[in-house]
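These are the structures, in structure tokens.
The same chain A turns up in both complexes below, where it pairs with chain B and then with chain C.
This part shows the complex of A and B:
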């Protein structure tokens, strides 16, 4: 009973968050000078009269509050409107773009996590080995080398040179490239956290029990450092869903990133609003997921509700 | 007779400091040996060196022979075969020494399976037996609990059970009772003694408290600055200490200055007046009634007087202090400090300049990124802003007042010892020239000798500045030397309240009597008393 009411309050709060993001974005896109009618006019195809007609047809001449009211009313019912440029339903455009974005984000996060975790734990168990310099190198790589650079080099080697992969439409190379980037962002903080945790008193207890270094690393040190990964992954994943733009463009993947960029260029308000809304939604979702994961990892968090001090 | 463990000429370098300086010590099979010394004497380093658990920065030399095998020259794999199997260890802080994310059962099963090829269910039933042996109530339910759901004493019992998992020949206990309550301390010590005798196992017991090991060990080695000063049978060391340092340790537990008379003080107005105060914490869960921690406490404390509040952890004594400091509004009743309402935010600054707090945890209450000079300057900036030079001069005076070199002003908290940090915390509280000082267990984390010094400092400052003192502690004996009035709290209710001398000479309540017994147990007979053995 209590849990349900708490959950519904939490959900309402998230919904309010999404709504306010939607409102801010609605205002922001209209603050940028020039709407779609101006774009057409600038191309020289229309005269002043027909520009006004377009505005009227699209409802752009109405006041901002009433525009927002209409849009919100439809959006709440699941109707995100039509693209001002193409006349296609925005919902369909989004569902076309989302899967490839989600697959790319999820797969590269998974690959990055696996790589980063393995390297960090290896570095912890064998502190004097070369793994530690690998960790440093990967971290600097992810900071210094942008993904579009590695993307182009990857295309040149694997698609143009070796002809193993097609240039367009394949996911393997983008996943590897973005995944490496993710691994680089995760590996260093995780490694430092692992080293910090290995100074904890319970690790000394584990050693005093006579456990092997691997067991201590996997069962005792890693679980106690996981909160760093969860927090970092949350931020990274939210960034990845809309932020793999350069890779999408490079490999001609129809993702949310390129959809949004095209819409912004063409002042296609409904598409911008819808895709930003989708991104906001996924960020909120990822945040909820992180909170849930934190509780799953740490029993102390999960039980604080039941126990009074 | 050949020793089970023979340490010879062991030295440990930690950074640039020689933590252990060529010590030698023998432990025979079935014998209990105590190593006593204050923090920094190298006693813990010695204990850790045996199993090769020293921090990475530490370097050691010398020989540690275990049944003729030199542990100092063994590699990690060789040591692993002995750790937890032949030689086990119990650590100081059970809360942090247990993995917070694993259930008690999982950690015990792991310990059992580390050295024996058994299945998980077999290991679990073995864990159950061990928990029974250490007297943990309802062992089966405890197995599925997490360490944070157990009390400190229960956690330490789990640690001990885990150390016993594969029938070790030697148990090393590194200050196993330091982080525990007085009553729990007695129980854990009695348990260790029972198990050590029962199993005929050898034990190395490391402690800063000479009196704690009195009934526990056969022989005692007293350490200071990395060297063994004195080593002999417990009786011999306790009755006829030869080294001056040991003599001071034996004397340290005696009261500092007994029989302080309240009459010497000028009678003025009331400093603190609590009128049937009830305090509660809001529950984390919505819709649940708040959790009442303190029931109906009334106090009237004259200016310049000192009140000691005693009780076990969870008795509500710290909560009461929070209410006096205005950090918590009373749920019922009224709190008046110097005529002001402490919880009134409009008078916050004025109140803070009159009433200051001394914390227990000196590491946590000093900002690690600020030098001592900055720490001491801050309250002055708020309450009596002056030029930087004048404030620095005042800080130096404060340092001298609490018995520290002004040269330490440039240091950071981590560069100071625990006793020095406690003095800094006191100096910071004095920076606003307060009339009331509330001390929350200021000496509980300190060694016996340092504790005596800090208590003497507090008594001196009180005299000089005519401070009103509220002194919170779990140790009744400390109150005797500090406070004229003592209040004994149990589960948020006042059990006994009156003049300290009266309470000491004739404790009325059973609980007070038991507290006094635990605080003063020097007799080894008290260990043998079966009622302290069980939980």
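This part shows the complex of A and C:
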């Protein structure tokens, strides 16, 4: 099979995946006993008759597959429905929340990548220094300590103790915390990969030419090890989504995470559905991008026709 | 590294042991009721009567943490067991039967794997409703792929090995090969995955509780204790600090202990290290 058909197969697979994810999320959100109409009724504003009317208007009486069909049809056209609580279009709510989340995620990713790359290269250049134990510590910290614990400790130190930053609304602490998480995820695999690459013949050649250790590490070893970061992009993104979700709630930032949680608390189905799906969609999109990026960064893959699923 | 009588790992072992002990003894260690509210002694710093102070409702923080230890550990443990049972057993059955069943099972796991665990368990909690068994189910399902894919990898590796071909030549059927030959070889890899999943299960449960979607409020887990204290961070920092430190220490210790266990049990690890 040639490259183009391989890639289109990969795309079809991801498309099938996003459809099934959409359906699963739809089911999960709809199997809840008690819908929005019940919630109105519980508040006491409506009698049984008007509750039935609300159900009919919102299409809650039809079968689940047909509800999903209708929803999907509208969603493809960019219409994600209306918030059951506020009556505003869900699409507008999402696009309103997106910039804040994107800025947070992008800044965290940038900080995390910089920190991770620097530490891993430092560890390679100075293998007997403290940097290596730093790498170990950061790795196990990011895996083991929940983001919100780090966040709360940060709040207690910098907001409550030192009073340098406000608790709510600032983005510095969230970026540092999520970024450290990202750095911890990539730093150890990258370090191991760097060490492995440093055994290659071309590194011996570079050393024989008399290049400095720094130059060898940055210019020769690092570019040949970058594919490990691409391979980890799924893990990174998963951490990024979980992290932004948590810090947004903790620091009261108006992003997709806060939107999702608010919607869950208010049983606002269309909003829950759309925001969870948007997050899952971003994962699938990145998975797809990974396939392309991998071949771009590591031409060996294109030669062997290898595609990781 | 020089060997001395003390290393940081011992601290991790100690922390895990103490947590297990507290979880086992539970309310025997309690002098005060974790749910009793006393509005006269709100927001206290640690005193002789309240070792770790009180929270915004005058509840004893130490009592709440001790009471929460058992549920925190039990929920994480059961969720891990569920993930192991669901992931490994379904995965193995799929591998053994093969064909369509295998495709369907792994397509399902692929969908689960695509969703970040926190996001998926959040969506599952929406469907299941708040409660202890829902949390176990939600976290368990979210981590099933971690077992299923390792089970498949080990299964495929073993099936390609010489002794399995030999067993096949003698006339052993697929189920006999799987149970008698492959299963014993899969335990090491599964123990490794347990070590990876257990601290994450603690984390995920506490995040759910922190979001207000975890166990019911009457029985606090550490995540719940933290969630109820976080609004009053400025009034009572101590009510927040101690549970957070305890939770971070527990997950960190579990990860460290798990990492050590993995070095003992993982059959793949030495090969990787020799290569690096």
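Everything below uses one rule, namely that the second predicted complex is superposed on the first by the 255 of 309 C-alpha atoms of A that agree within 3 Å, B and C clash if a C-alpha of one lies under 4 Å from a C-alpha of the other, contacts with A are read in each partner's own complex, and residues count from 1 in each chain.
FYI, a residue touches a chain if its C-beta (ideal position, glycine included) is under 8 Å from a C-beta of that chain, and two chains touch if they have at least 3 such contacts.
Remember, it's a predicted structure, so these values are computed and weren't measured experimentally.
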First, second, both or neither for A:219, with chain B first and chain C second: first
Partner chain(s) touched by A:264 [first = chain B, second = chain C, both, neither]: second
Partner chain in contact with A:200 - chain B first, chain C second, else both or neither: first
Partner chain(s) touched by A:144 [first = chain B, second = chain C, both, neither]: second
Chain B versus chain C as contact partner of A:272, first or second or both or neither: second
When both partners are placed on the shared chain, which of chain B and chain C touches more of chain A: C
Contacts of A:192 with chain B and chain C, given as first, second, both or neither: second
First (chain B), second (chain C), both or neither touched by A:249: second
Interface residues, chain A side, partner chain B - complex: 2, 5-6, 199-202, 204-213, 215, 219-220, 223-224, 297-300, 303-309
Chain A - residues contacting chain C, complex: 17, 20-21, 24-25, 27-29, 31-33, 140-141, 143-150, 152-153, 155-156, 159-161, 167, 192, 195-196, 237-239, 241-242, 245-246, 249-250, 260-261, 264-265, 272, 276, 279-280, 283-284, 287
Chain A-facing residues of chain B, complex: 51, 53, 55, 76, 80-85, 88-89, 91, 93, 96-102, 110-111, 114-115, 146, 148-149, 159, 162-163, 165, 281, 283-288, 291
Footprint of chain A on chain C - complex, ascending: 107, 110-111, 114-119, 122-127, 129, 199-200, 203, 206-207, 210-213, 226, 230, 233-234, 237, 240-241, 244-245, 247-248, 251-252, 254-256, 259, 275-276
